[in-house]
Amino acid sequence: MEDNKAGHIGRVLHNATGLECTVTQDAYGMFCLELPVNQIYATLLALYRDPELGFNFLTDLCGMHDPDLPGKEFCVVYHVQSMTRRERLRIKAYASQDQPEFPSVTGIYATANWMERETYDFYGIRFLGHPDLRRILNMDEMVDFPMRKEFPLEDPLREDKADYQFGR
Amino acid sequence: MMQQAKTLTNRAKLMPRKPLTFSERIYLPAIFKGMGITLSHLFRKKATISYPDKVRPMSKVFRGLHVLKRDERGAERCTACGLCALACPAEAITMTAAERKPHEKQLYREEKYAAVYEINMLRCIFCGLCEEACPKAAIFLQNDVMAPPSFEREDFIYGKDRLVEPFQKN
Amino acid sequence: MSELTFKIIFIVAVFGISLFVAMYTTYAERKLAAFLQDRLGPNRAGPFGILQPLADGVKLFFKEEFIPRVSDRLLFIAGPAIFMCTALMTSAVIPFAPDLEINGTTYAMQAADLNVGILYLFGVVSLGVYGILVGGWASNNKFSLLGAIRAASQNISYELAMGLSIVSLVMVSSSLSLRDIVDQQSGWAWNILYQPLGFLIFIVCAFAETNRAPFDLPECETELIGGYHTEFSSMKLGLYLFAEYIHVFISSAVLASLYFGGYQFPFVSDLDPGPVKTLLGGLVMFAKTGFFIFLFIWIRWTLPRFRYDQLMNLGWKVLIPLAVLNVLITALFILF
Amino acid sequence: MSAMKTNQEFLAELPRLARPEIPYTTLNLGPTHPATHGIFQNVLQMDGERIVHGEQTIGYIHRAFEKIAERRPFYQITPLTDRLNYCSAPINNMGWHLTVEKLLGIKTPKRVDYMRVMVMELARIADHIICNSILGVDTGALTGFTYVYQWREFIYEIYEEICGARLTTNMGRIGGFERDFNEIVFEKTRKFLREFPAVWQEFEDLLLRNRIFMDRTMETGAITAERALNYGMTGPNLRACGVDYDLRVHEPYCSYEDFDFQIPIGTTGDTYDRFVIRNEEIRQSLSIVRQALDRIESMENVFHADEEHYYLPPKQEVYRNMEALIYHFKIIMGEIDPPVGNVYHAVEGANGELGFYLVSDGGRTPFRLHFRRPCFIYYQAFPEMVRGQLLSDAIVVMSSLNVIAGELDA
Amino acid sequence: MGSEIKMSNAPEGLAGQGFFATTLDAAVGLARKNSLWPLPFATSCCGIEFMSTMSAHYDLARFGSERLSFTPRQADLLMVMGTIAKKMGPVLRQVYEQMAEPKWVLAVGACASSGGIFDTYSVLQGIDRIIPVDVYVPGCPPRPEQIIEGVMRIQELVGKESVRRRNSEEYRKLMESYYVK
């Protein structure tokens, strides 16, 4: 039954977009979908428009950085939700270090605006078509993208902590 | 979409919006009612606890200022294992361990002890994780003492002189 | 004692009393606010904190005078000065107590018994808004400017209704002199009994004129930070704050005189003129004023404030028609 | 007199008014404006007192939570979550614990669930008290705030008995609580349930049907359900628009399915509705606390899951038992070997869906932890909500949205 | 209101029949310390505890400090409560510069005093890097008792300060070390 649900979502998406969509369900009951970058917009639009599935609520959008995955260093995770069916769907898409570009979904969800700005701010992932892609949380003068794994957490100017303790 | 949304659950309780009645439209009854409420408080017992003179009772488990405990013989319990420093999310604890000399046996309970033990009270967030992490029941957050404010930043590095509880002769 | 000497002494005394009352109104405000809110209020400066206003005064006096570079220097200084002056000037026509008769000489307990006292009052009070306007404008700060504009429009709007409510009062008492009006209300014959609606309109307008909650839009801490006095520090701020309390005091005194018989009280009115009557009359007057000051404070700490457009609506669409209606009703009564 | 126009009339006229030769006034609301509780900036373009356009700048207290979370073991993230929405810290704590427990596959006993429910609902009450009474303060009525705030203090007292802190509680552990509730907790909660409703009623009497307050709040900052959903609004702000989306019912976590309560919804989504919804939610929460309290007291004293790998052994065991000591060290060092996986778990925070997206690579710290902060998401809608309204409206809308800076900026 | 409340002591001076003489410094100090108008620069958690400090149970008004002045011109005491991010730093500094002399600064809580738990790239590690701080209050957040204690420390400082200290060379140097004009 559960598998059917996942399969059903995949079929609906396939019918709407004509693209290959394999929806799976993970151990925690969440539907998961992995997409190439160029299919994100079409898929999210299809999800948004489909009245039966009702995945019309973008719960969350966040970036991820994993330097150990060559070619797939950057990931953007979308959580969409269907309030009527009480289901959630996680969509992941990967991009490489050289070209961290994703389509912006602000045209579908107004809420994506700040989330995408935040992701840009943290990872330097560019969202093409975003109306106003600026830093949001950090200072405009900042040049680095702080959530990338290589960026140090600590403030280099601190003076009241000892780094030698326990390998820090 | 709203139609869909309205039937999400069967537990919805619509909060109706009543139009203003005439007596509400003319402001005054509500104003007098409000004034009545505030006036009644004029004669009520005041809730204020005049702090420096009276202290509000605190709970038994309140997490206040740290203390380094001694055991029943008066020896310091801390064995400088470093778990507290590790558990500290604010990284406020630093320590240097030292070997106990034979003649110091009554001073320190274990063979290893903290020669330097410092807590930066300005960093500390009083979360109590150090107390929880301590396997020797050495560090303890007192329930009746709060870290006092001070003028200088240096005053807040609490060394062993201020952390270890005073030696009491039984 | 010549008339003139007495007048000078009296005027100085009235100023002194106004200042003193205003000073302690700030204390009362803080203390009462605290009590209404289940708190204790200032109690460290002197016994029960009674030296609190003094401490505030001294502190403000010794604080740095600050004139922003972008402000209009002259107007920046003129603003608080105008506001304070006009606030103090209003007390001239208020009869504080019955006449004092010593050795056949009559001393009027009023700085100036103008036969157009009410008009004077209005004139001076409307000048007061210039203090706010000038100060707010000179600050060259948008919040101040908004506050100043609000103050100007609010005061003009509410003065109309206030004037109209006074018109019906004047119709009843057929005099423009405050003294005559007070003298007519001997015993229980207070004007509130004849002009309840007029009183209501007047008191609402008085709140608006003094910029007190629920009409404290020019100041409006949560919206405009400090409104017109955002940029003022030190004693200039002190003057603004102080003048506001003098306004409260004078408004209360005017309210007491116009509608609550001023120094008239059933038993006091029947006394023979003399020091006792003057003294008791004065006390009665101050008790009534004190009650209104309390009312001012009490309402401030109870009600939410209006919004700008609602305030205007209330003034123009409710109070003015009501005041006109009140005039008509009064006229009909007098006619028949 | 432009103040007399309705918002619609004003907005209809805007294109005509917008002539380049007459620039709008730019009013800078924040970052230290008294009405921006916490810190954010609204740059408003004003036509007189009308707001033509608004734009927010945020990030003034950006503290890099997500970055810190990547460097801390799971249990040390609890104090971080405290500081997200500090008005209702325990909800954040519990939400985080529930997320980790979901990842680790820990089943908590019913009693722990109920204890959590009780604490979370108290936290919700505390948060709504702040929001609604501050709305009162922002409209100018300060006094009601001090009346209800005394009861928020009382909730602090209950927290203090449970965990030893007032505001940033660091309450609970992965798998349960650090200690059982003592008698005083139950006693105080009973007292709260007994006496608080009357105080709240008094507060409502001061404002709810007072025309000044109603005029200030009605039809200000209204948003349709459709726009609200598009903006990702959740919680009371969404429910005020008439959508009965409540995670406690929708995806029951922590045994919320055992409790009987209702979801208040509004009609227009304006400030007054948000006020009313929060008032009613306080009542519903009180009822939940009552139900939870009754159940807890009749149950056997368990206050944590029996998971020796994840929950610290009792101190007495640590002193005596070698095995316990090893577990103790392992847990404190963070070596709890979590499974590899992605978990998204959301709880109904006081302001809406508070989600935790946790990616674990099996290490001692999360590989990635993303907080879905409701404030951050719905505050985007603010310019749209205040467009065409007055400056005073912007203030009340801001405070009725209950934007908590800690949550906004993370 | 019991008599156990400790009132501020009268300044030392010459008391005689019908007169009491004291130095201007002492009198002004006494006045100032009982009328500290705070500017609550509340950014986060500590701001909520500040609300507690102001509300009925703790009532900072007892010290004459309940008139919050949100405009820096009128404030005497800058109470920095909560995390100050680097983005916020210039704003805080501007607020400090806008305050009229004499002014005091109270850093409330771990974040304002030292950065606290947030030892991160975006958080200022203590506001004393950009403005001089008079009193630090530890705690995260401090209990209202501690905040009151901090205000009392400030009062101590204010009471002792001479009227002219702000014109002194030493003070000018301090300001210069912070590049405050």
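Quick notes on this structure:
As written, the chains take the letters A, B, C, D and E, and residue 1 is the first residue of each chain.
Here, a contact is a pair of C-beta atoms (placed from the backbone, for glycine too) under 8 Å apart; a residue touches a chain by one contact, two chains touch by 3 or more.
Here the structure is a predicted model, which is why all the values come from computation and not from measurement.
Path length between subunit A and subunit C in the chain contact graph, taken as the least number of steps between touching chains: 2.
Listed by label, the chains that touch subunit B and also subunit C are D, E.
Chain centres were defined as the mean of their Cα atoms; on that basis the chain farthest from subunit C turns out to be A.
Core chain by CA centroid proximity to the global CA centroid: D. The interface with the greater count of contacting C-beta pairs, when C-E is set against B-D, is B-D.
Averaging Cα coordinates per chain places subunit A and subunit D 24 Å apart. The distance from the centre of subunit C to the centre of subunit D, each centre being the mean of the chain's C-alpha atoms, comes to 45 Å. Separating the centre of subunit D from that of subunit E, both taken as means of CA atoms, is a distance of 31 Å. The multi-chain contact residues of subunit C, meaning those touching 2 or more other chains, are 36-40, 43, 221, 225, 301-303. Under the contact definition stated at the top, the residues of subunit A that touch 2 or more other chains are 56, 83, 137-139, 146, 151, 153, 160-161. Looking at subunit B, one finds that residues 1, 5, 8, 31, 34, 37-38, 41, 46-48, 50, 86, 89, 91, 120, 122-123, 125-127 touch two or more other chains.
Listed in rising order, the residues of subunit D touching subunit B in the complex are 72, 75-76, 78-80, 143, 147, 150, 157, 160-165, 168, 170, 178-179, 182, 184, 202, 205-206, 209-212, 214, 224-226, 229, 242-246, 249-250, 261-268, 272-273, 276-277, 280, 312, 315, 318-319, 325, 328-329, 332-333. By the touch rule above, subunit A contacts subunit D in their complex via residues 26-28, 30, 32, 56-60, 62, 64-66, 77, 79, 83, 86, 88, 90, 109-111, 113-115, 118, 122, 135-139, 146-147, 149, 151, 153. Interface residues of subunit B facing subunit C in the complex, by the touch rule stated above, are 31, 34-35, 37-39, 41-42, 44, 46-48, 50. Interface residues of subunit E facing subunit C in the complex, by the touch rule stated above, are 1, 5-8, 27-28, 30-32, 34-35, 55-56, 59, 61-64, 66-71, 73-74, 76, 100-102, 163, 166.
Remark: subunit B residues 46-56, 89-91, 120-127, 146-153, 155-156 touch subunit E in the complex.
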